[in-house]
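Next come two complexes, and both contain chain A; in the first it sits with chain B, in the second with chain C.
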Partner chain A sequence: MLGYMARRLVRMVLSLVAVSLITFVLLQMVPGSFSELSNAGSTIYGDVGMVDGGEAAVNQGDQRPAWQQYLSFMKGLVTWDMGPTYKYPQASVEELIGEAFPVSLTLAIPATLLTLVIAIPIGMLAAVKKDKLADYGSLFTLTTIQALPGYLFALLLVLIFSVGLNVLPVRGWKGPEYMIIPVIALAVQPTAVLARYVRSSMLEALRDEYVVAALAKGGTQRTVLIRHVLRNSMIPLVTVVGPIFAGLATGTVFVEVLLGIPGLGRLFSSAARQRDMPLLMGATMFFAIILMVMNLLVDIAYGLLDPRIRLEQSGNKGSRRAKRPGQPKVSTGMSTDSTETVVAIGGTRV
Partner chain B sequence: MNPGPETITKGVTLGRRSLLAASMATAAVAATACGFDNGGGNGGNGGDGGNGGNEGGKSGTLKQSMMPVAFLDPHRSGNSSFGQIIQIGLWEGLVVIDVDDPSQVVGGVAESWDVSDDGLTYTFHLRDNAKWSNGDPVTAEDFEWNFKRALTPGIGGEGTPSFPITSLTVVGGLEYREGATDDFSTVGAKAVDEKTFEVTLEQPNPDALIEFAQYSCLPLHPASTEEKGDAWLDPDGWVSNGPYILDSFRVNQGATLLPNEEYWDTDSYHIARWEITFNDGGTTADLLAYQQGDLHITGRIEDDLEAVTTSDVADELVTSPTNQIRQLNVMASENPFLYDIRVREALAISIDRETLGDIGKPAIAGPSLVPNAIVDYEKVFQIPYDVDRAKSLLAEAGFPDGKGAPTVYLLDYMNAPWTEALAKGWRDNLGLDVRYDVTEIGVYSDKRTQVHGDDYCGFFMNNVAVSPPTMYKFVLGKVPAAPNYYGSMLLPPDVAKEMKEAVDNQASVEDRLKIAEGHYDKEFEEARDAGAAALAIEDDAERQAALIEAASMFNQYYTIIPALWGGYNLLVKPVVKNLKPWMYSSVMTTKNVTVEE
Partner chain C sequence: MTAELVDETAATDRDEVKRPKGQSELGRSWARFRRNKLAFGSLFFIGLLILVSIIAPLVAPYGYDDMDVTNRFAAPLSESHLLGTDQLGRDVFSRMLFSLRTALIIGFTAELLGLLVALIIGLWAGWKGGRIEGALMAVTDVMYCFPGYLFSVIMVVIMGRSIIAIILAIGIAGWVGQARLVRAQVLKIKNYDYVEASRSIGTSPVSIAVRHILPNAIAPMLVTVSFGIPGAIIAESGLALMGLGVAPPMPSWGGMIVEGYIYVLAHPHMIAAPLVLFGLTVLSFTWVGDGLRDAFDSSEEDHA
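Now for the complex of A and B:
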């Protein structure tokens, strides 16, 4: 296990270097720099420039050669002292991320819990009532919801609960009541995804021989469902829940911007709009770290939850891709190693 | 060695519990560390986080939304108007803008001042009751320390220092800022005694007092700034000399300001608490919050003013006198079409600005580059609306009814209905093929400075402010130290390419002057020379007349064509009394403002 962890950590570091390089190169190719955009003028006052001459704001940082900017950033990343951003010269990159991350986390945790609480029963119901009205009804609803972007749902909630009923605030981040609309809006799409996943996973498990055996031994349907089917179906869900949580914890741009939530998504979108390179690079690397750590945790959790995976991890160095006998290789569309783990488990494409 | 079944079972059980425990712990930590911006402040400045109370004769909480403010250091350039609103709340300079007549200043820390006969020396007499929020007296030495800080090389960090050294030409200031000397005694900013501060300029400037009232001349508290170093912005232990102190400030969230009871004129400020929310989410979100009563004031409405002017709160929109111009700037191109002044004039005089003003409300028709906040603006040449003459000029230039003319592009990064109307007007009036090229802002900023090929010519749209809005500042801005190659300084394409390379490589001003030598149009050079001569005139009336003449010459060169004039726009709830936005980039003051709750 230790060797496996060490290998994963080395791969994580290499991946991070690759992410930093690719991100930096791509950002260099994007037209416009912070200084140019600052001087572009704007009808959003405050960004207006002087007429022709005058002392236009120029940032020396983005005038340096690209390789110097990159080395300077990487040095800052390694020492976790990335210095001031272009836009916010009195705040360091790590301070801004440090302030924004807990906010996104505060939304991500309840949104993920809400997702689990709603998606699992709906998925179970749809699986048990396969090809019945409840199944078709829930599938139709879930598909519709899945097609609805979170920010649109947020706007809908604002119109109903803030503008119409006047029971919730429109936007801001001043207390727990400001969490309600964003948490619901953020949970909607993952709920639809997860519920469909639970349904498929349970249908898969219901076809397994041990279910027939358990029923034949006299187990009640309820007991078999909860103790055996659900339990086994839950293991692949870790793969889905991990990235869902990581995605929410690293901020959701539209909902955060729309509802005035000072989280990572809003910080990132603002940095991107203004070509604030230090903040953009810092935020991207932070996202990458969070996603990689979540994937690592998911894989470790697999090892803890399913002995077969742990055996594979410690005993099969040459081939880390273990295949469950009789299961085809499938893709979930999830990133990096978790996809491999899903394949090992035999997850089903939803 | 593979673990045995018992180990595995144990591992599974512990793993689940551990995961659950970890999740709960994370949830608990997140719940306590969620960082709600509830105005709790730093706990060090007496913020109660409540609704304002009625302490010290003050009452009401003013709730305002604005674009995120990047920083608060007044000696650094690049801040937004919204940042300046906060800055002039926290600090007070030697003089301040007069609320009743914003074209004038009144005493701030300085109770009175003398100006020498040659207009070069300003002697400020500081009032005895001017204090910092910790009770320290504000002294002339404090101002000398601040002028030194503002002119210190590198004070802008990686950015640009804010001190307007090209207009407020303090003797020796430029040399000190550029590191030619490190002896501040050579700079004309001195504390004569504890209560007398003297500034000497290299050349007279009729706007000097207005410049002294701007954010770049605000003073920080020397002792606490030096003691706290980079952490001087921390609200804990905050010291400032303006009507408010900083209770909290989060760059991505907002700020809370509380009254400074040590402020000498605190009786003119009636608000008990000023809560500011930063919003980068656009007009829709702020408009909804404003309509719901969550906000008293919002200035975050500029990207969709149409939504505001057509909403049920349209009559709560207040606008300052106009100090901004929505204008068209010629881009350098290998296509010669726009290098012909007759074509440019034809385009300029075929714009129906009154109609554009109706479409672009609350902006108004802008017939010149000098907006109406500037004294004597009406004396500057006003571009007429004369379609017949425009057609005749176009025909004279070889393009009758637009025949043979290339496509004219209007480059922008925001879709504005009035620009579409402008394009339609040129199509209808002149028979030109006009396309509105709306693109992403980064592409826009890149594209507007390119020297385009034969297949692309036109104008880039932008919005500029004359700040402070005076005739002197307008002309000063038009007579730049360093030459460029587009806009009013349009250069022929081959020279423009050379100049672009020089600009991109940060060539010296001398090198750029050499490249431009003899390549500017005579109309531009005449206007520029007239402007430079006007700026140097000492007599006030004579100078003003010459400035108006120079401004008129720039107006008739038509490489920059004005379309609309705009001011600063705020939505203000009726419960907020006595608030009038002014034409400076600091937009507003809360002096005399009350909130009736």
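Now for the complex of A and C:
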């Protein structure tokens, strides 16, 4: 297990370096520096060009050769001291990220909990009632919901509760009532993903021989379901819940932008619009780190929960990526991804 | 071209319905697809959308940029504007149609671009294995911790907000997953007996890839495409939502939604109409994808 964790760690660091290199090279290619776009950037009304040339000259950006810039950025990332941003010279990148991340977390944690509370019962019900109306009905609803982006649900909720009933605020971030719409909107799509996943995971567990054995020994359907099937089918859920949480903690850009929530997503989007390279680079790396750490935790948890994975890992040391369950991408909502995951999990279980 | 797809042995023990002899696998799938009313209806609806978006300049009562300045924030069903006007007095219905056009152009081309790249690299990686495969898997690993929209945003920042730049940004962000899918498909088909046979008689790898592997990979690819197009449409409106979509005044659903959201309490009609068309478009592609998946998958296994 230790060797496995060490290998995963090395791979994670390598991937992070790759991501940072890609981002850095890409951002080097951006035409027009921040100084040229000072006071402006892309808005919904178009790209606004240079407004104030005199003052902009102060912000020349970094004049050092690219590799020095890259090294100093990486040093800043590791020591968590990334220096000032272009747009807000008085604030440093890590301060802005440090301010925005808790906001995103306060949305991501309740949204993940809500997802778990709703998705698991629905998935179980669909699995137990397989091929009955409840199964088909919920499966259809879930695929439909999964296809739609989260911000669409946010807009629907706003139209119903803010415009129609006038009980919830439209946008902003001032108190608990401002959390209701984003949390629900963020939870909708992951709920659909997770519920479908629970369903197929339960179905698979139901087919296992120990279920037949438990039933044969005289267990009622209820006790077998709860004590045997549920416990075993919960293990693969770790692989989905982790990425869902990571996706919510970082990937809530659209809902945050739309509802005016000062989280990581909005920070990233304004950095992109304003060509604020230090901030954009820092935010991108922060996203990547969170996603990778989450993947690592998921893999380790999975190995701890299911000894078979662990054994297989140490069994074939030769192949680097022996058994890694695929992660469904929550943000895109493409159902093919979750199918892939199920297939991957199915492979590890046999 | 369909000759390879006829699989007589498999046909006897699959599919519950009796069918005329000699019908191709694709034909059977099409019959199954047509029985699915929702999927077939959605396909019809998509056809309608494509038609409307082609003739949008003829159908739309106004241009997307025409301002009726004396008639700003007109309510829906007002005498001259079917769905009302926005804050500049532009006709919401016309702008919605032109947004549909933008969305479909970007959705189709971005997805096809991604697919093309995915096909080339996936076929190559799956067939050759070795280094290229290792490289593909490494790229996939990196892309997994690099959310697609993040990549698209950076690409748009680099290339600007032209429609081609957005197509490239979305297409490039989307190819990795598809390439993996192609590769998996190739690995499966590669080991079939008939591929082995044609390799043993000295058929060139390229011709095996084109004549044997590609036709077999078409079904899963079609399913991916029909899920990929709404994905690209959502990505496009997401970019517009962040102020990085197609440059104004060209309308896009995302842009209409952001602009309308400012006035949502007083004039909800500005976002309601584009929202509905946006949702219906995305859903109809998804339902077609679902229908295709069921149609191609003749086994009765549950596919969650």
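Everything that follows uses one rule, which is that the second predicted complex is superposed on the first by the 277 of 350 C-alpha atoms of A that agree within 3 Å, B and C clash if a C-alpha of one lies under 4 Å from a C-alpha of the other, contacts with A are read in each partner's own complex, and residues count from 1 in each chain.
Just so it is clear, a residue touches a chain if its C-beta (ideal position, glycine included) is under 8 Å from a C-beta of that chain, and two chains touch if they have at least 3 such contacts.
Computed from a predicted structure; not experimentally measured.
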**OP:** Applying the touch criterion given at the start, work out whether A:F287 contacts chain B, chain C, both or neither, answering first, second, both or neither.
**Re:** second
**OP:** Classify the contacts of A:L2 with the two partner chains as first (chain B alone), second (chain C alone), both, or neither.
**Re:** neither
Original post:
In the superposed arrangement, which partner chain does A:S200 touch: chain B (first), chain C (second), both, or neither?
Top reply: second
Original post:
Touching A:L148 in the superposition: chain B (first), chain C (second), both, neither?
Top reply: second
Original post:
When the two structures are overlaid on chain A, which partner does A:L105 contact: first (chain B), second (chain C), both, or neither?
Top reply: first
**OP:** Answer with first, second, both or neither: which of chain B and chain C does A:L304 touch in the superposed model?
**Re:** first
Original post:
Looking at the overlay, what does A:V170 touch: chain B (first), chain C (second), both, or neither?
Top reply: both
**OP:** Report for A:T23: first if it touches chain B alone, second if chain C alone, otherwise both or neither.
**Re:** second
Original post:
Looking at the overlay, what does A:L133 touch: chain B (first), chain C (second), both, or neither?
Top reply: neither
Original post:
Which parts of chain A are in contact with chain B and also with chain C?
Top reply: 30-31, 42-47, 158, 162-163, 170-171, 257-258, 269, 273, 275
Original post:
Which residues of chain C touch chain A in the complex?
Top reply: 137-138, 141-142, 144-150, 153-158, 160-161, 177, 181, 223-224, 227-228, 230-231, 234-235, 237-238, 240-244, 247-248, 255, 257-259, 261, 264-265, 268, 271-272, 275, 278-279, 282-283, 285-287, 289-290, 302-304
Original post:
Contact residues on chain B for chain A in the complex?
Top reply: 2-3, 8, 11-12, 14-16, 18-19, 23, 26-27, 30-31, 33-39, 67-68, 70-73, 76-84, 157-160, 164-166, 230, 233, 250-253, 277-282, 284-286, 288-289, 291-292, 294, 299, 302-303, 324-326, 369, 413-414, 416, 440-449, 462-467, 474, 476-482, 484, 487-489, 506, 560, 566, 568-569, 585, 587
Original post:
Once bound in the complex, which stretches of chain A touch chain B?
Top reply: 30-32, 36-61, 63, 84, 86-91, 96, 99-100, 102-103, 105-106, 109-110, 113, 158, 162-163, 166, 169-176, 178, 257-260, 262, 266-267, 269-270, 273, 275, 301, 304-305, 307, 310-311, 314-315
**OP:** Could you please specify the touching residues of chain A with respect to chain C in the complex?
**Re:** 11, 15-16, 18-19, 22-23, 26-27, 29-31, 42-47, 130, 139, 143-144, 147-149, 151-152, 155-156, 158-159, 162-163, 170-171, 196-197, 199-200, 203, 247, 250-251, 253-254, 257-258, 268-269, 272-273, 275, 280, 284, 287-288, 291-292, 295, 321, 327, 329, 331-340, 342
